[in-house]
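Right after this note come the structures.
Both complexes shown next keep subunit A, but they swap its partner, so subunit B is in the first and subunit C is in the second.
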Partner chain A sequence: MVEGFLFAMFAGVAVGCALGVVFHRNPVHCALLLVGVLLSLAGIFVMLHAQFVAALQVIVYAGAIMVLFLFVVMLLNIKGESPLLSPGAAKGFGFLFALLVCVELFWTVVQPGGQEGVMPEAAPLAHDFGSPAALGKLLYTTWLYPFEITSILLLVAVVGAVVLAKRKFF
Partner chain B sequence: METTPAIPLIWYQVLAAILFTIGVVGVLVRRSALIIFMSIELMLNAVNLSLIAFSRQNGTMDGHILVFFVMAVAAAEVSIGLAIIVAIFRNRETASVDDVHLLKG
Partner chain C sequence: MDLGFLIEALVKILIVLGFVLLGVPLIVWMERKVLGHMQDRIGPQRVGPFGLLQTIADGMKLFFKEDLVPAQADKVVFAIAPAIAVVTALAAATVIPFGDQVHLFGRDIQLHITDVNIAILFLLGATSMGVYGVVLGGWASNSKYPLLGGLRASAQMISYELAMGVSLVPIILMTGSLSLAQIGRAQEHLWFVVPQFVAFVIYLVCAVAETNRAPFDLAEAETELVAGFHTEFSSMRFALYFLSEYANMMVVSGVAITCFLGAWYGPVLPGPVWFLIKLSLFLFFYVWLRATFPRLRYDQLMGLGWKVLLPVALLNLAVTAVVLTVRG
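On to the complex of A and B.
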């Protein structure tokens, strides 16, 4: 009962803020509404026993990435777009394709069975499910190579950002 | 520990589908490059929600690891993308994707 109420609240806030991100005129408001989406998703992660990922969501996404967004929005001092949406045909096609994606996703989610059969009942959870210790153990054993590759990716991103910021392009 | 979740898996998947669709709309109809980036973040988060929900259903933590990688890739993507937007803005005084058409000839 409580879970149902919490889920409805978090889902409502997430969807409302997401609509605001897409349709609000002022980029600063868009960024702040996106923080709302990220925080409500963090709440849903806690409901799914993913406490550590929820903490990461708040610290990394809502903390670091959104600060970067706000920094760039305020640095560039971008005014709201005069016509908010793409003009004419592009907008129509955009909504059409989005509708197609929506229908396809809902069909995939809602259709009973399908080729792979129905999802099994929820498995019982280990006592340390979602804890940093369990996540770290998995990350440094099974997923060690992807983890190392991610570090290389971040290094490349840092070097690329520095190069892009120093020179004049375009 | 607890076995039956209060909210069925399908509700989380429906929420993820809705958020992903809103992100698609943002990428397709908005013209500011910054808002397009925010919509991409929205889509990544919808996928994260889907992964976490499946992870809870299966009782394994591999989905959490994937979310961890998605966050790392998103951080790299945002830093590079925003650097590109700043570089474009410094030279062309615009952040609208309609005004950046050098390759069009």
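On to the complex of A and C.
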């Protein structure tokens, strides 16, 4: 009961804010609504016993990346959007991609399992499920190679950003 | 979830909230008094004994001031920005333990509102959301100095948050826990400031920078930016920013005490009293800093954060990890 209510709240806020991100004209408001989406997703992560992921979501995405977004938007002081495509074309492409995503989601969720869908019965969780310790253990054993490759990728991105920003070096 | 649990939680929430909200006027009074004496003045002394009620009077005055909103301001964001600042500061205060478990009325009562098992991450999350209060306040005013203040604040707080987080990781390595209560309990015999002195110094610097206090108060540098991000705020909105700044000071001091200065442990006196003593000393230290150091230049601030604090914090983390591994 409480769980259903909380889920409805977080999911509702997430969807509402996401719609706002798309439809609002002021870029700063859009960025703020995106923060709202990220925060309500963090709430849903907590309900799924993934506290660590929720904390990272708040610290990294809502707290750091979005602040940088805002920083740039504020620095450039964009008033209203400057459209890349003509409004008609933008709407056409928008609806096309939205439709594609819907079909894709429908396909993945409903198709293989028929009417019942593919959502399995929830397995009982280990007592430390979602804790930083359990997650760390998985990352450094089972998923060590993908994890390390991702970190190297990020390092390359950092070095690349510095090189691009400081062309005077060469 | 029985009735006793609810009452216990409610009482603890009231105590912590009341403590933070009533503590702020006291700290402001202390700051003005100490600053006064350090600058060879006497500070407030007219309202109440030793001028104790001066901040209350100032608060009342703010309360009755006209609430101005600039004509070109973004009304909605202008309204919620101060609220974000206060809410995040108060949310962070919920996980700080101020004493060990006590036995009262037949219940084992933990002396903190809640002990989430990721308390440190929760704290970092709350502080990182606190940036929005300052940044949005600066932007929504739609005026140049606040915008510059907001921009400075966002860059500064992001930079120092990083070093602050990394300086806390060695503590997590040593205790194997993210819970502040357990970190506190691990210091019964040895305060972490001894083995982790480097981390403590880094945390100290970052804490001052995170709370936008002198000598890192570039977001509200009055010599360049009038009053920075809160230039356009008046009345209770301004009071809310003021409140959040001092509440944040209490929070970061509380974390410093819990992680480095032996939490609530100390001889003879009970835990909460020791916590209070340490908190007061820490806040005094804050004021002392303000009276002593001139404000940093902006490039010095960024250089210090990225080129000194962060590398040293990372090195300290690596050394701690190696030492812990070698010792098993």
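The definition used in the following text is that the second predicted complex is superposed on the first by the 141 of 170 C-alpha atoms of A that agree within 3 Å, B and C clash if a C-alpha of one lies under 4 Å from a C-alpha of the other, contacts with A are read in each partner's own complex, and residues count from 1 in each chain.
Note that a residue touches a chain if its C-beta (ideal position, glycine included) is under 8 Å from a C-beta of that chain, and two chains touch if they have at least 3 such contacts.
Just so it is clear, the structure is predicted and the values come from calculations on it, not from any experiment.
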When subunit B and subunit C are modelled together on subunit A, clash or fit: fit
Touching partner for A:Val28 - first (subunit B), second (subunit C), both, neither: second
Which superposed partner A:Leu75 touches (first subunit B, second subunit C, both, neither): both
Touched partner set for A:Gly63, first subunit B, second subunit C, both or neither: second
Touched partner set for A:Phe52, first subunit B, second subunit C, both or neither: both
Contact breadth on subunit A, by residue count: subunit C or subunit B: B
After superposition on chain A, the shortest CA separation from subunit B to subunit C (Å): 14
Set of subunit A residues, in rising order, touched by both subunit B and subunit C: 52, 56, 64, 68, 75
Of subunit A, residues touching subunit C in the complex: 26, 28-29, 32, 35, 51-52, 55-56, 58-59, 62-64, 67-68, 70-71, 74-75, 77, 131-132
Complex contacts: residues of subunit B adjacent to subunit A: 1-7, 9-15, 17-26, 28-32, 34-35, 37-39, 41-42, 45, 48-49, 52-53, 55-62, 64-65, 67-69, 71-80, 82-92, 95-96, 98, 102
Residue ranges of subunit A touching subunit B (in the complex, touch as defined): 1, 3-4, 7, 11, 14-15, 18-19, 21-22, 27, 30-31, 34, 37-38, 41, 44-45, 47-50, 52-53, 56-57, 60-61, 64-65, 68-69, 72-73, 75-76, 78, 81, 83-86, 90-91, 93-95, 97-98, 101-102, 105-106, 109-110, 119-127, 129-130, 134-135, 138-139, 142-143, 146, 150, 153-154, 156-158, 160-161, 164-165, 168-170
Subunit C residues within the subunit A interface of the complex: 74, 77, 116-118, 121-122, 124-125, 128-129, 131-132, 135-136, 138-139, 147, 150-151, 154-155, 157-158, 161, 165, 178
